[in-house]
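The two complexes that follow have chain A in common; it is paired with chain B in the first and with chain C in the second.
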Partner chain A sequence: MADLVHRGGYAGLGRRVGSGDGVVAVEQAGLAAATVIARRGKAEAAAARLGGHLGLAVADAAKRAVSPAATVLGTGPGTWLVFGGEDPGFVAGLAAALAGLAAVIDQSDGQAVLHLSGARLPEALEKGVRIDLDPARFTPEDVAVTSIAHIGVTLWKIDAAPTFAVALPRSYAGSFRHWLEASAGPAGLAVVSD
Partner chain B sequence: MSSHRLGTGGLVDRQTPIGFSFDGRPLTGLAGDTLASALVANGIRLVGRSFKYHRPRGIVSAGPEEPNALVEKGRGAYREPNTRATTVELYPGLDVASQNRWPSLRFDVQAIGQLASPLLAAGFYYKTFMWPAALWERLYEPAIRRAAGLGSLSGAPDPDFYEKAYAFCDLLVIGAGPAGLAAALTAGRAGARVILLEQDFALGGRLLAERCEIDGMPGAVWAREVEAELATLANVRILSRTAAFGLYDGEVGAVERLTDHLAVTPACMPRQRLWTLVAAQTVLAAGAVERPIVFGGNDRPGIMLASAMRSYIQRFAALPGRSVAVFTATDDGWRTAEAFARAGAPVAAVIDSRRDIVASVRALAGDVPVFLGARVLDAIGGQSLSAIEVIGDHGRRRIAVDGLAVSGGFNPDLAMTTHLGHKPRWSETSLAFLPDALPAHLVVAGAAAGRFTLAEALADGARLGAAAAGMAGKPAAAPPAWRASDETFAVGPLFHVEGGRGKAFVDLQNDVTDKDVAQSVHEGFVSVEHLKRYTTLGMATDQGRTSNVNGLAILARLTGRTIPETGSTRARPPHGPVAIGAFAGLHTGPHFKPTRLTAGHGWAEEQGAVFVETGQWLRAQWFPRPGETDWLESVTREVQAVRSGVGICDVSTLGKIALAGPDVGVFLDRVYCNTFSTLPVGKARYGLMLREDGFVMDDGTTARFGAEDYLLSTTTVNAGKVMQHLAFCHQVLWPELDVQMVSVTEQWAQFAVAGPQSRALLQQVFGSAVDLSDAAFPYLACGAFPLGPTMARLFRISFSGERAYEIAVPAGYGDALVRALMAGGRDLGVTPYGTEALAVMRIEKGHVAGAELNGQTVARDLGLGRMMSTKKDYIGRLMAERAALNDPDRPTLVGLKPTVPGVRLRAGAHFLPIGAAASAENDQGYMTSTAFSPSLGHWIGLGLLARGPERIGEQIRAYDPIRGGDAVVEVVNPVFIDPEGNRVHG
Partner chain C sequence: MRIPCPYCGPRDSSEFAYLGDAAPRRPADGDAAAMATYVYLRDNPAGPMEELWYHAYGCRAWLVVRRDTRDHAVTGARLAAGREASA
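The block that comes next holds the complex of A and B.
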């Protein structure tokens, strides 16, 4: 029987760690994640059940709902990208809770997630994000499905510092790193991944 | 101190001299200079040669409208031709060279072209070189190409890098002159988000060059104070050295020059940044460009726009001439006479075409000779102006001068208002095109709107800034009322002085003369758009800023029309030159598109894999081993290892779409031409998907893991297209179906494990708890099994024709899995193989792939006609029934092998009957895929041949004229290996 070791999407891309004076990027490896898609005509019920299961209020909108155990991101009509912690039973638990109301499809390994923060983060994001991230317009309640450097991303804001999170398909992690280093490198970038 | 530098005044720093060189000659300027002002300060007149006639040319303007002073900046790969000297900031070590001259600027051989100028008139290249035609390619075209063009490229890749950025605001202000500063400050104080663009390195626009006062302080000081206040406002961003170049739907494009003015470029610093700016409201405050006057010899070095002369004197403290005359049709020209007087170099004369001049303007000239109702007929001189000939009430008079300031009126810089198709209107009072209908969310302020006085500019700015703030929900308290010094604005109609002896240039950059316009009219090109294209008037880097209106006015007079009747050409972006690199941003070379790497990529790199781009993915193409010298050697070894033992191939890149819901079976029946609703849980099935027009779109297997849990696979290249297609089908065609779908390509790392020993290897990896016997897990079975800390999905499917499986694990375990497979298979001789071996084996097995699924084939062409269900409807069914698609003469899939072993077959070769001429009417199809078959020991091919399956055993000719291939091949069954399919079932 094989003993398999798990690696995050940013692993093996080289540890280029700079000053971090401008931007700090921390990989969030090992999070459970699932795409939840409501059955036909059951978006409201699925939102309610999803919220009930996770103990938070979920809307059928491009909004973020968060609890200590989970983050729910509205990514399309009747569709959510749900992140949990490192509990291996998280996705199965969601699927059981939403049986009959929504499809729950495991994406724990499909998404590479970075948390981005730092004094110079806004100017770095400005070099790739084509939406308005002004604090008054994009709040920690908001979610954007957009693109950065031709890479499809899900973007949300964790706090007003600001700290942003960027989830993207893991095969693009290297190209995203290239954009991040070019855009935040001059300001001083530190990348923390395993 | 440089020869023409004034002792006092100006916005240059006399404590900071800057060394630079022009044509190799070391010179000194001051901080705050542009290249042009430093050349003026050094008394340099001659800076370039003209485009067509190679006439000596000097500096005409002090801004981005400059048509003449184009230089090559930098050396080697950094060389940038056609750089406008008026926009280059001086920095230590700046190295520029004049262009369009050989061997030197003072002595230019091609200037002899002036003698042949009758041959070089408008449209000459359409006519002069027509005969004899045989000489065109050999003589005329090379000769014209050598003579033509502005500057020359380095020929080396651009060593700089560029980036893009996006910003949003309530108010975007283009231009930081008085109107722009007023708008930005008014809106900024109210709390609106403001972005202020200025192409210059200093804010202020004309305030930097004029003697004027605002609220009792000099204009330049006021500009500095406003800039200081704007800098304190967190809601205001100032982008200097940033030129807006285009108005697009909802966006403004601008380019910011980050390092062009630096002697040493900091590491990691891009050269330029391309901005996409999205604003709720845009105020265009780009000012106006002074208009020259067309008269004989009006291109002599020393002839300059009157306002530009004031810029050199009052902003840069550089004297553009010691004995200058002013030739004007505007009040503004008289201010230049005043500027020279203050600089201690009174003008030689003021010549105004008008007769009624208000006293306050007349007084600006002091007691110098004034000629009213007069014109300059000719400018005389060689490489520098020496005299002018004035015609007026006094008759003709020659006046010795070394400079001439010209003011023919002002052209508002409103190109941006026309980028979305809006046209300006002609104003008879301003004698200028003014904005008329405007694009949504764009307003125009100050001189750009034809409101030319300082007071009007400030009032416009305050009003429009307050309005924009109000629209953003940030009402301005009380718009400021700035008090500006008085000035007059008046202009008379004077575009062209006829009767001079010298050439009279309308467009200095393209060497278009008044005679060229007349010739254009004479030949029937009377539309303004035709005039532009026939004469090249208004093209090139200055986009006709100084030439278009004069050209129109002459055209109007020659055709007996008014200027409004003549119309104007429409400006298109970019308004000024933008480096192509800026549009590319970071996306150059290998970063042109993002690259996708599989979870096993690092492992494959360690194995020395050679990679190939497949869409955005990098896939291992083959794994060379020490001693192997040729890709074919490696690929042959890999194929043999699979067919005799076991091999591993990373197939993670194939598209994977999870489908869930009660109606998936119905949905799949409609999107595939074969039936899926009967697929049992635990089974996989090959499916063929058609386009609506009946042609094959994609193929792949779909596996069913649970009652409502399916996994559909696509080819690597079509993954995105198929996902889009399925989403369209669901959302638009059949929203009533209860189906949920999402791509899971990224979730799974998947490896093909193929060969007679594949089961042994997997059994080793899974351990004895999993039963992989043929009884428990037969061909086309699928299932999920525990593997270490995770669950693996296993599919018994084969592309190679061997017993084979695909094993998938969550991508985080992909790297570990491939290492476990390699370790577990060591005793079995497990061999990694790449896409080449994969392709060889599929050709040996007669499986179709991208070369056959090329968008031009129907199922029948591929020998898959029987897959098309007759018991259900599906996308493409009806259109596939069209007669032409069922014509037995259609090229259909066959195998091909050479009749002489050892002959190499090549894809792309066309099929001809033996003995038939190699012509299109004899063409019977072509070779789609070829490979050297290690199993058979010779080359094999797949191809599409007319009536192919009927012709098995026949010999035909495979003709490949491009690579010199011409072989006789035998038509055979496309399945070369194990046609009975015994191996795949084990």
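The block that comes next holds the complex of A and C.
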């Protein structure tokens, strides 16, 4: 049987390295990902079980919980987007741990993830994000599901540098990159994918 | 217009899809007159009313939003889920 290779959503769009003086975008390929959707009335129990399984404190809120092995993002009431590393059993482990409490859907080939950083990132994000990203209002504990250029995205903050991460359905990766190049290109954008 | 989503926080109305009056409740099957009222008849108040909005570009939850139809002032929003139980 052929081994399947994970191809990130930005793969094949070409590595484009500009100056990177303003913004650097780095694709995060090969991550395991899943949506976890609690069954009716089971949101609190699912949050507790999810947290117990991953060794994290998981809330039913638009918050991030992170460990070296996993990132849990609150994306809606009783709903989380969970990223793991390259462990091929990560999603199956989640599904087994949450049996009876939540539906677990493998999104490893569904979500395209970029890490964004750089001195001029805030002004680039201002061109597409309609929520308040002031450091006092949006911290590394927060998660936002919102839209950028009409593309539904999950946005979170990895550190106070700031480094942001943005996940979106992989079929929109090309459109998102178009927005990114238009919005951050003049500031000096380097895109590292592939 | 900004809508204070209880899960996401304040968001631009463009992230939402509008359904309409939150008051009508589906009647029991078999009552044709009540069903016609439920489907077709709406009050049209000038002032505050509760409406259903769907946070499509956000948490994907249905909200009950209290909006003044005269000036679009939004004075509250809560998750629609469970409203039957709490009503």
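Note that the second predicted complex is superposed on the first by the 189 of 194 C-alpha atoms of A that agree within 3 Å, B and C clash if a C-alpha of one lies under 4 Å from a C-alpha of the other, contacts with A are read in each partner's own complex, and residues count from 1 in each chain.
The definition used in the following text is that contacts are C-beta pairs under 8 Å (C-beta built on N, C-alpha and C of every residue); 3 or more make two chains touch, one makes a residue touch a chain.
In this text the structure is predicted, and so the values were computed from the model without any measurement.
In the superposition on chain A, contact is made by A:Ser175 with chain B only, not with chain C. Looking at the shared chain after the overlay, A:Ser183 reaches chain B, while chain C stays out of its contact range. Residue contacts after overlaying the shared chain place A:Val145 against chain C, while chain B stays out of touching range. Look at A:Ala61: by the touch rule set out above, it reaches chain C but stays clear of chain B. More residues of chain A lie in contact with B than with the other chain of the pair chain B and chain C.
Touch criterion met: A:Arg7 reaches chain B, while chain C stays clear of it. In the superposed model, A:Arg130 lies in contact with both chain B and chain C. Residue contacts after overlaying the shared chain place A:Ala103 against chain B, while chain C stays out of touching range. Residue overlap on chain A between the chain B contacts of one complex and the chain C contacts of the other covers 130. Considering their complex, residues 161, 163-168, 193, 266, 268-269, 276, 278, 586-587, 591, 593-599, 602, 617, 658, 660-661, 708, 735-742, 744-749, 765-767, 787-790, 809-813, 815-817, 820, 824 of chain B touch chain A. Residues of chain C that touch chain A in their complex: 7-12, 14-15, 57-61, 79, 81.
Only residues 1-9, 12, 29-30, 35, 37-40, 88, 102-103, 105-111, 126-130, 132, 134, 137, 149-151, 169-176, 178-179, 182-183, 185-186 of chain A touch chain B when the two sit together in their complex. Against chain C, the residues of chain A that register as touching in their complex are 61-62, 75-77, 79, 130-131, 144-147, 152.
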